[in-house]
Every structure is written in C-alpha cells, then in structure tokens.
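In structure tokens below, several structures.
What follows is a pair of complexes built around chain A, which joins chain B in one and chain C in the other.
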Partner chain A sequence: MIAVRDLSKRFGRKEVLHSISLSLGNGCYGLLGANGAGKTTLIRCMAGLFEPQKGEVLYANRPIHKLKGFQRDLGYLPQVFGMLPELTLYEMMDYMCSLKGIPRSQCAGEIAKALEFVNLEERAGERVRTLSGGMVRRAGIAQAILGDPKVLLLDEPTAGLDPSERARFRNGVRELKRDRTVLLSTHIVEDVDACCDNVIVIHGGRILFSGPSDELREVAVRRAGHKGEKPTLEDGYLSLTQGIA
Partner chain B sequence: MRRLYLELKNQRLYVFVPPFVLFALLPLSVLAGPQGTDPSFLLCGTLSQLFIPSFAAWWPLFILKEYHSSPARELLVVHRSSRAELFSRMMALWALYILLVAVVFVYFASLFGFVWYLFAAVAAQSMFMIALGYSLSLLLQNTFIPLIVNFAYSSIFMLAVLDSPLNIFTIGTFSDAGSLVKPATVAAVAVVLLLAGYQAERRLYRRSM
Partner chain C sequence: MRLYKRSLSVFLRDRKLSIPYYAVLALIVAMSVYCLGSYSRSGDVFSAIKWWLARPTILIMTFFIYCGYELTVRMHDNNMVEYVRAHTRGLLKAYSAVLFSLLTIVAVPSSMFFAFFLFLYHRVGVSYAPFLVHLVKLSVLYFGLSPAAGAMLGMAMAARLRSNRLAVYSLTTGFMLLNTTFTDVPFRVPYLVFNSYLVERALYYIKDFLTLVPHQLGSHFAIYPIYGFPMEPVRWVVAVFWVLFPLTLVLVECFTRKTKRALLVVSALLLLLSVGLFSVRGSVLAMDMRNDSYPYADPIYYMDRPRQDYRGYEAGFAIEAYRMDLTVSNELHARVEVTVDNPGREGYEFTLYHGYILESVRTERGEIPFTREGDYVSLGGLNGSDTLVFTYYGKSPKFYANAQAITLPGHFAYYPKAGRSNIWDLDRYGYVVNLPPSESVYTVEVRSGLEVFCNLPGGDNEFHGRSNGLSLFAGMYEEVAHGIYAEPVRRDQPTRESILEAERILTDAFLRVGHPDMVIALSDKRFFQAPESFALNSNTDKTVIMSDHIVSCYSASGQGLANSIMTSIVRPWSSGGYWFRSHYIDYLLRGQEETSQAAQSEVDTSLLLREMEEWLLLPDPGASFHDNMTEEERVALATAQRRWGELERAVSEKAAKYLFYESARKQANLRFFFDYFTSESTDDWLPLATARVREELGP
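Now for the complex of A and B:
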C-alpha cells in the first residue's frame, strides 16, 4: 500500500537516511531504532513533510507528491503534538476534521468514535491546555484516526502514557491493523512486540532488518547464541544492533 | 471558515484587541482631541492611520504563529488543503478587518461627512501591513520580529519620519480623489508583497520543517 523506494535524506552535509527501501501492506509495522537512528525523519518523509534528496515515497504505486488524495488517507501523529491549546478538545478535533477534509455531517460521529478509542470522551469539553501530557498524547492518537485513514504513521504514540492506557492503545492497534497500514515508530520494544507482526530496525539511517517479528527473534538465536527461554523481540533487536557503532 | 473561526477563538482575549482599538480606543481618541476644540477630520485622519494599519496584522500574525512555531505545525503542513492556505487566510482576515473598519467609518461619516477617501487609504495601508507581516514571517519563519517591525514601522513613520519615500502614510485631509494617489501605490506594493509571500509559502514552507 505504501512503499519507500531508494530514499535518501540529507540535512546539510549530514546524511540521515541512506537509500532506504521498504514496502508496507496491511498490518502493523514496528519501526525500532535508537535515538537519532532516523525513525522520525523516515516517518516525516513518508508523511510528505520532508522532500528527500533521492528516491520517493509511493502510495498505491504513485508518488505521494503527485497524489492529491494521499493526505485524506493518512493519519499522522507527530513526535511532538500540541494543537490549538486554548480550544476545547472537541473543538480541536473539529478543527482536525475540517483540516482533513472530512464532511461536516460526519464530523460528530468521527470525533465521538476517536475520543472513545483513546478513552477521552468525557474530557471533550475541557481545554487542551488543561489536559495532562498523557491525555494530550492520546488526543494526538485520536486526531490521527479521524476519518478512518488507510495509512497510520504514529511517531512515539505511547510516550507518556500510563500502563493501563498503553495496554488500551495496544488493543486498539490490534483492531486498527486489520484493514490498514500502521507504522509505529518507537524505542519501546514491548509495544512493538505486543502489536506488530512485522518489524523494521533502523540504525544510523540504514535498515538493518525488515521482516516478521519471529524472524527478528531468531536473529537472537543465530547471532548471540541465545539459549534457554524463547528469545524476546528485545533480544533480537539487541543482538542485531550490539557492536554496531 | 470554520477553521478560521476556531483559529481566532484559540487566541482567547487577544482576539478582542483589534475590535477594542477600532471601536473604543480610536473613536474616543478622535472625540477627545485637543482640549477645548471640536473633533477634527485632520486628527481623525492622523489617528486612523496610526491605529488601524498597525493592528491589521494582529490576527494574521497570531494565526501564523501556529504555523511557524507551535507543535501543531507538522499536522498543519501535512494536511493543508492547498499550497496557498496561508495566502487565502491573509485575504480573509484583511476582508474581515476592513469590514469592522467600515463600521467605524460609518460613525466617522456621521461626524465629518465624506470620509471614504480616508477609508480607502487605511484599507490599502492595512493590506500593506498584513502583506509585510505575511511575507516577513514566511521568510524568517518567525512572527515575533514581524510583530515588532509592524509596530515600529507605524510608530516611526507616522510620528517621526513623515517625509520619507518609504512612508505609506499621508498627512492631510483626504478631501479629494487626488489624495488617493499614494494609497494606490501602497496597495500596489502590498500586492507585490503578498505575491512574494505566496511564492515563499509555496517554495519555502514545506522544505523548512
């Protein structure tokens, strides 16, 4: 559904992404990497925020910059979210509905559904400014799923969420991934383990691994000689990235 | 229009600053005038040019702030519906502001008779100030400096440097069509600035995240 072809991104002299190629169909993909690995830059390129120096992002086999409808099919949660803080949560969601081009007649239903998804329906009348950090994060997730987008790009969605909300989010993603592409960028391996069938490991702007989660677990066995209990995704991730400067 | 309404609502009390200036500060200042004299059209012209254009860019710059320096920026860029999103905002805000100015000028017309040459002049000057704020904020990716420039320009050229060719303001009575020559030039410069801002919006905005 969404693919990245030979994509490179440079800021000044620093090349942040090196010839990245990926193809994502329906399902949940976990994008794992250390701080500064290039996760956010890759997601921003995929959302159309950054123009890459080389390569392109394709949606339905067409470059996204030539597709007018791509933004309507996209749900995006940026790494830092905080929007129109003096509006109520409902008004902020209404604004996002309008921004996403969702017909006015559908907005109330879409907003109710999205706020229920993140357990914020009772906070709809409160100002965004007065919500806690975790609630603002959940509001960010809610705006991303407005309009039932076919592609969801979520950058650190669980940062700042308490354990019960993280569990709720994971359950929600399991529902969402059935009929759409969900790319979940994080450095919290447990979240990827719980929600995603596929993992992409990025390191130093290069893809180290892309494939099913089970294959990454096997990497732990092959490379590090993991013995004993079944290796976790974290074992696979660590064995893949250990020793790489 | 819905988004514009919500963006204005997000400004909370600050949104009332331009209406306060237009409907309270300006008329009261004109009526107060020098002690012991009737309100004069010359004073009305001076105060209108001092207050109206300098507060024209108030709403636009507060809205541009969300686009330049708030955490909302990424989403506003990702989901913007056209490449001229901000340009159309500036035009809508200018129209809204001039509508309010027109209401004040209906009152001035009841005091001084024909005031519409002065109205045309402040409309052109207001467009210039919005265009200046719009293009500067896009070039600098910042709204604080354009806000300072806005008030500094109005104060310096209206109160101190009156005869500079860079001055968009006119000292006079605006009693005939000849007084519209300078405002027409100001409007033309405003259009050029708006087009420059529009080009900057198209070319620079996306790349500068």
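Now for the complex of A and C:
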C-alpha cells in the first residue's frame, strides 16, 4: 500500500537516511531504532512533510507528492503533539475534522468513535488546558484515526501513557491493523511485540532488518546463540544492533 | 468556516488577547469621545482627529502586531504545525482561518472609526463631499489598512520566527519607533554631527518605507484643511505592500516545491515593485525634523549656500506670454512656453526653483544649451526666435503639487520668471515675493485628478487671462463665495464683508498717509485663502497681492486681513524694529479709535527719551559673545541682553504710542514712517524715532 523507494534525506551535510527501501501492506509495522536512528525523519518523509534529496514515497504505486488523495488517507501522530488549550477537546477534534475535510454531518460520529477508542469520550466537553499530558497524547491518537485513514503513521504513540492506557492502545491497534497499514515508530520494544506482526529496525539511517517479528526473534537465536526460553523481540533487536555496535 | 470559528474562539477565550482587545475597543470609544470634545471646544476638526485618533494609531497598529503574532504562534507554541501540515493544504487552511479571524478582529475597531467619522462629518456640518471622501479614505488607510498590516506582520513573524519572542518583539519595537518621531534624534545625527546630508536622506528613506502611519506619534505638525492627512498614492502603495508582503511570506510556509518557489518570486517582485513605486513618490509632505521637511527645507538649503543678493537686478526683458501644460501627478511635470518681448539679446536669465529638474529648453529651431545654477537658468541668444519651451519636472517641499493637493502661489518661481531673483530672503527669513512689474498673458492647462482653482478665468482646469502671477490651488478647496476661494473645512474663512471691511480700513489708512495711489481695490480681485502652512517658518508671504488676485493666510476678519496686507506692504529693508512696526500698523489701521491700552495713561516723554538714548548707546549684546567667556562676562552679557530686551519692548511701545497716538503731529508721523517703511532705506528706525520725539518736545 505504501512503499519507500531508495530514499535518502540529508540535513546540511549530515545524511540522516541512506537509500532506504521499504514496502508496507495492511498490518501493523513496528519501526524500532535507537534515539537518532532516523525513525522520525523516515516517518516525516512518509507523511510528505520532508522532501527527500533522493528517492520517493509511493502510495498505491504513485509518488505521494503527485497524489492528491494521499493526505486524505493518512492519519499522522507526530512525536510531539499539542492542541490549542483554549478549545474544548471536542472543538479541537472538530478543528481536525475540518482540516481533514471530513463532512460536517459525519464529524460528530467520527469524533465520538475516535474519543471512545482512546477512552476520552467523557472529556469531550473539557478545555484542552485541563487535560493531562497522557490525555493529550491519547487525543493525538484520536485525531490520527479521525476519518478512518488507510495509512496510520504513529510516532511514539505510547510515550507518556500509563500501563492501562498502553494496554488499551495495544488492543485498539490490533483492531485497527486489520484493514489498514499502521506504522508504529517507537523505542519501546514491548509495544511492537504486542501489536505488530512485522518489524523494521533502523540504525544510523539504514534499515538493518525488515520482516516478520518471528524472524527478528530468530536473529537472536542465530546471532547470539540464545538458549532457554523463546527469545523476545527485544532479544532479536538487541542482538541485531549490538552486533553493529 | 469551522476553522475560522475555532480560531476566533481561541482569540476570544485567551485572556492575554481578549482583555487587551476589549481594552483597546474601550480606548477607541474614549478617544472618539475626546476627539469630539476637542472638536466642540476648538472647532478644528483636523486638529481634533490628529491629536486623539491619528497619532495614537501606531499604538493600535502595534497592538495588532501583537494580536497577529500571538494568535498565529499558538500553533507553533502547541506543536500543531507538524500534524496540521500532514493534511491536504492543512497549514494553508489553518493560517487562512487565523487570517480571517484577524481581519474580523481588525474590522471591529475599523468599523468603529468609520462610523465615528461619518458621525463627525455630520457633526461638522460642512456639506462638502471631498471632505467626506477624505474621512472615508482616512478610516480605510489609517484605521483599516494600517492595523491590518500590523496583523499581517504579526502573522508573518509567527510563521517565520516562530516562538522566538525576543526577535519578534525587538522587531516590533523597532517598527513602532520608526513610526514615531522619536527616531528623529538618532536619524539626525549624520547631518548634525558629520554634516552628511546623504546619510540622513538614506536613513529617512528607509524610515519612510517602514512608515505605515504617516502622521507620526510625536509629530508637532499641524494638519491643514486643504491637504488633510497625508494620503498620497505612495502611502497606499506602502500600506498595501505591508499587507501583501507579509502575506506572501506566510503563504511561502504553506506550500512546497514549485508553488513555494513561485511565491518567493512573487514576494520579491512585490518588494521590488513597491520600492520602485516608492522611489518615484514625488511630492509628499515630509513632516518631521529632517532637512527635507517642508517648513525647514528651504531655510536650510539657502542658509548652506553662498549668499546672493539680486535686489534691483534688471532682467532686460519681460515675458509677454506663457503657455503652460502642467501635469500634476506624483509631482509637477511642466511644459512651459514663454514669449519674450526682447528676442534680440545675447543672453537670458530665468529664475526657476531648484527643486524643478529642467530637462530641456527649446526654441522652434530646436534644443538650445542652458546652464543651471541653483534657482537660475542661463541661456544664450535665441537665434531670432521669441519663444522658448521649458520642460521640467519636480517639486518644492513647501509649495507642493501632487495627487492630493496643489498650492502653487504666483509669487513663487514654480514656472520660469524673467531675470534673477532671490527665492529666499535670509534677512527677513521668508520667501521673496517674486512678481514682475508687468502682466503677462497666461494660457494654462492643468492635467490633474483634482479640480484646480486659478486666479485666471476658465474652467475644467483650463485657464486664460492676464496677471503678474499665476496661482493654482486644489485639494479640499472650493469657491466659497463669488471670487473667494478657501478651504471649506477651515473655521476662519474669508467673507465678502470681511474683504470689504479690510478695503475700507486700508483705503482710510492710505489716505491718511497721503498715498491715494496705493489704494487697493480688494473687492475687485479674486481672493485665495492660503493654507496656514504658508506662514510656517516664513515671515514674508502671509499675504501677497498680485495684479488680479490676493493670496492670504489670515483673512477671517476685516481688521486681521487689513493688518496682514499692510504688514506685507510696510516692510523695511532694515533689519530689526519688529515691535515698533507692529505698533505702527496697529495705530495706522485703528485710526482715531482708542485702544484700551492707549487710553490707560500718557507716555512719560522724558523717560522715553532717556530710554531711547540709553538704548542707542547700549552695545548689541550679541556682538560681545565669544566662546571663551569668563563667568563674570557671562553674567554681564545676560544682564545686557535682559536690559536690551526690556528697552526694545518698552521703547517700541511708548515711542509708537507717543508718535502715532498722543502727538499733535501724529498724522505727519504716520506719513513719515510710512514713507520710511516702504522705502529702500536701510537706516535703523530708532535714531529716526528719537529725532522725531526730540524735535517735538523741543530743547
């Protein structure tokens, strides 16, 4: 559904992404990488926020900058998310509906559904300024899923969520991934382990691994000679990145 | 629409924005009330608007920079830009919502000003459409476009500088100060300290381009009804630029790739176009302390140049006829054909004010060479031709001609005048009344969007007739009565009655001094009330009498007009004696009427004589000044100056009272001093007056 072809991105002299190629279909993809690995840059390129120096991002086999409908099909949660504190949560969601071009008649239903997904439906009438940091993060997830987007790019979605909300989020993602592409960028391997069938490991702007979660676990067995219990995704990730280091 | 509503809600719910906004609205109401009160007290509508509404505009504009910035930067402060941009034209939609919210916010006070001006127009009660149009334009330019530009600047700074408030508010403060006269002090340093006129001009050029509120906070300049508030085309260009240019900078942030590049090109072109148009702004009123400022430009220009005295200069020829094609757009563009009465001379000299750039001088045989030296044009022979065509353009800082108003009096050399004549009189500190001894035939066509009023017969800006000076006036100007032209919004308009009264007073005075030949038939001449700016920084041309018309600043009462006309006639070549002359005119024009001051007590003539002799012997304190004075010398100088001043006042008043009111020979004295004042004598008045008093009192 969404693919990255030979993508390179440079800021000044520093090349952050090196000829990255990926292809993502329906399902949940976990984008794992250390701080500064290039996860956010890759996601921003995929959301069309950054123009790469080389390569392109394709959606339905067409470059996204030539495709008018791409942004309608995109749900995006940035790493740092905020809202206008003077508005109520409902008004803010309505603001986002308007930005997304969702018809007014459908907005109420879409907002209710999104807020229910993040367990904020009872807070709809409250001013954003009264919400906690975690609630704002959940509101960010809610705005991303407004309008039922086909592609969801979520950058650190669980940062700041309490354990119960993280669990709720994981369950939700399992629902969401059925008929859409969800790319979940995080350094919390447990979240990826819990929700994603596929994992992309990025390190130093290069893709180290891209494939099913089980294959990453196998890497742990092959490279580090993991014995005993079934290796976790974290074991696979660590054995992959430590080897590089 | 939903985004707009939400954006407006943010503004109204944020106390840091809404409370100051409501305070500003309340302030505008208060300012309007004060303006109305000021108008009711003084009757001067322009002064009231200037004090209470126009000058504080920059503060309102600065407030809208704050509003524009703080409302827009919220998206950056709250990390919204990234995900807003992820939507189709997301940032454009969000910024558009902010833009329309800001325009709504600006529209409220602008509408209040607009409504107030409509009310004020009805309150003033002058049924004069150009005044209404002026007020409407004022509300749009000063109170609509300026705050809108402020809001746009705030938006642009938010889009470009994001949350860098230090930079934003530093720029805002700088921008605000450039729209006040407080920057006059540093901007004058290059000229005053380093004598660099060019640097001063360059600094003010930049300041002018950043000036959105033409009548600046701190300005002490009056607004004259013929011109109104400065709203020349260049002001609109600048205002529209400061609305559109920031907008393009905001839009650049909303697009990528080709559109972004195209918008950058558009903004660059907009900047170039505006600077280009700005550089050909032509005649505008510079109302600050710079050298080019309209009351100071000429005194400074002539003070800095070698003194030339052309009194008594004979041109050797006269101009029989003028055919003028004048175009008044950004400045005066002229093609003036002159016919001389003496075409056989080897050379010709003309006077044309230095602000007019002479492009060519031609005869029917082609272009002829000329030499330009300040105000003077020198030509060789005319090769048998008797007509010359001068093509020139330019401006005078004081006697302006532009799309807003025209004040070109006939005594000023805005068209070539025969021979060499001074433009500025350094001794009398004023413009020289430059009129030829004989009349010329004028055929004049003025191309202008304004209705031009002229001393010659005609209409539709075409005039023809004979005079010794061509005066052109336009702007908020009208024929208020038959043959009387004035600013309809001005309080002290001349009337037929006041002119007749002045004529009666002057006729009586001329007969008393034995000069029936000097009687002026005022009521036969067209009367042009000049704006009071004519009297600003010039002592000589408050009233000018030409062969067929009069141009006068002060003409509300017959007595005042007579006084002004007599002052223009009774003008000694000697310096000093201002008080004595002033008292002389007072006694001359009041005739036998007793003034309350005169009736109080008789002059102690022996004391007067003692004071006269003391003053005669007193050295001029100014002459004893030098840089290395001791403290004792300074005290002595201050004492001498004080005594000089006391004697000047006392002797002038008492001598005039005795000679022209109490004396048995007062009529002879009036005649004697009239002849003295109108002669070319450079003798001082004090010895003359002392001798007259002593003669009357005997040994």
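What we mean here is this: the second predicted complex is superposed on the first by the 243 of 245 C-alpha atoms of A that agree within 3 Å, B and C clash if a C-alpha of one lies under 4 Å from a C-alpha of the other, contacts with A are read in each partner's own complex, and residues count from 1 in each chain.
As a working rule, contacts are C-beta pairs under 8 Å (C-beta built on N, C-alpha and C of every residue); 3 or more make two chains touch, one makes a residue touch a chain.
Since we're looking at a predicted model, the values are computed, not measured.
A.B. asks: Here chain A is shared; do chain B and chain C fit on it together or clash?
C.D. replies: With chain A aligned, chain B runs into chain C, so clash.
A.B. asks: Using the touch definition from the top, say if A:81 reaches chain B (first), chain C (second), both or neither.
C.D. replies: Both partners, chain B and chain C.
A.B. asks: Contacts for A:165 in the overlay, against chain B (first) and chain C (second): which applies, first, second, both or neither?
C.D. replies: neither
A.B. asks: Based on the superposed arrangement, let me know which partner A:73 touches: chain B (first), chain C (second), both, or neither?
C.D. replies: neither
A.B. asks: May I ask you to decide whether A:193 touches chain B, chain C, both, or neither, giving the answer as first, second, both or neither?
C.D. replies: The answer is neither, since A:193 touches no partner chain.
A.B. asks: Running through the overlay: 73-81, 559-567 or 613-621 are the candidate stretches of chain C; which one clashes with chain B?
C.D. replies: The overlap with chain B comes from chain C residues 73-81.
A.B. asks: In the superposed arrangement, what residues of chain A touch both chain B and chain C?
C.D. replies: In chain A, residues 44, 47-49, 51, 71, 74, 76, 78, 80-87, 91, 94-95, 98-101, 104, 143 are touched by chain B and also by chain C.
A.B. asks: Looking at the complex, which residues from chain B come into contact with chain A?
C.D. replies: Spelled out, the residues of chain B in touch with chain A are 2-3, 6-7, 9-12, 66, 70-72, 74-81, 206-207, 209.
A.B. asks: For the complex, give me every residue of chain A touching chain B.
C.D. replies: 44, 47-51, 71, 74, 76, 78, 80-87, 91, 94-96, 98-101, 104, 143
A.B. asks: Quick check on the complex: what are the chain C residues that touch chain A?
C.D. replies: Per the touch definition, chain C meets chain A at residues 2-3, 6, 9-10, 13-14, 74-75, 77-80, 82-88, 90, 93-94, 256-257.
A.B. asks: Note which residues of chain A are touching chain C in the complex, please.
C.D. replies: The contact residues of chain A facing chain C are 44, 47-49, 51, 65, 68, 71-72, 74, 76-78, 80-87, 91-92, 94-95, 97-101, 104, 140, 143-144.
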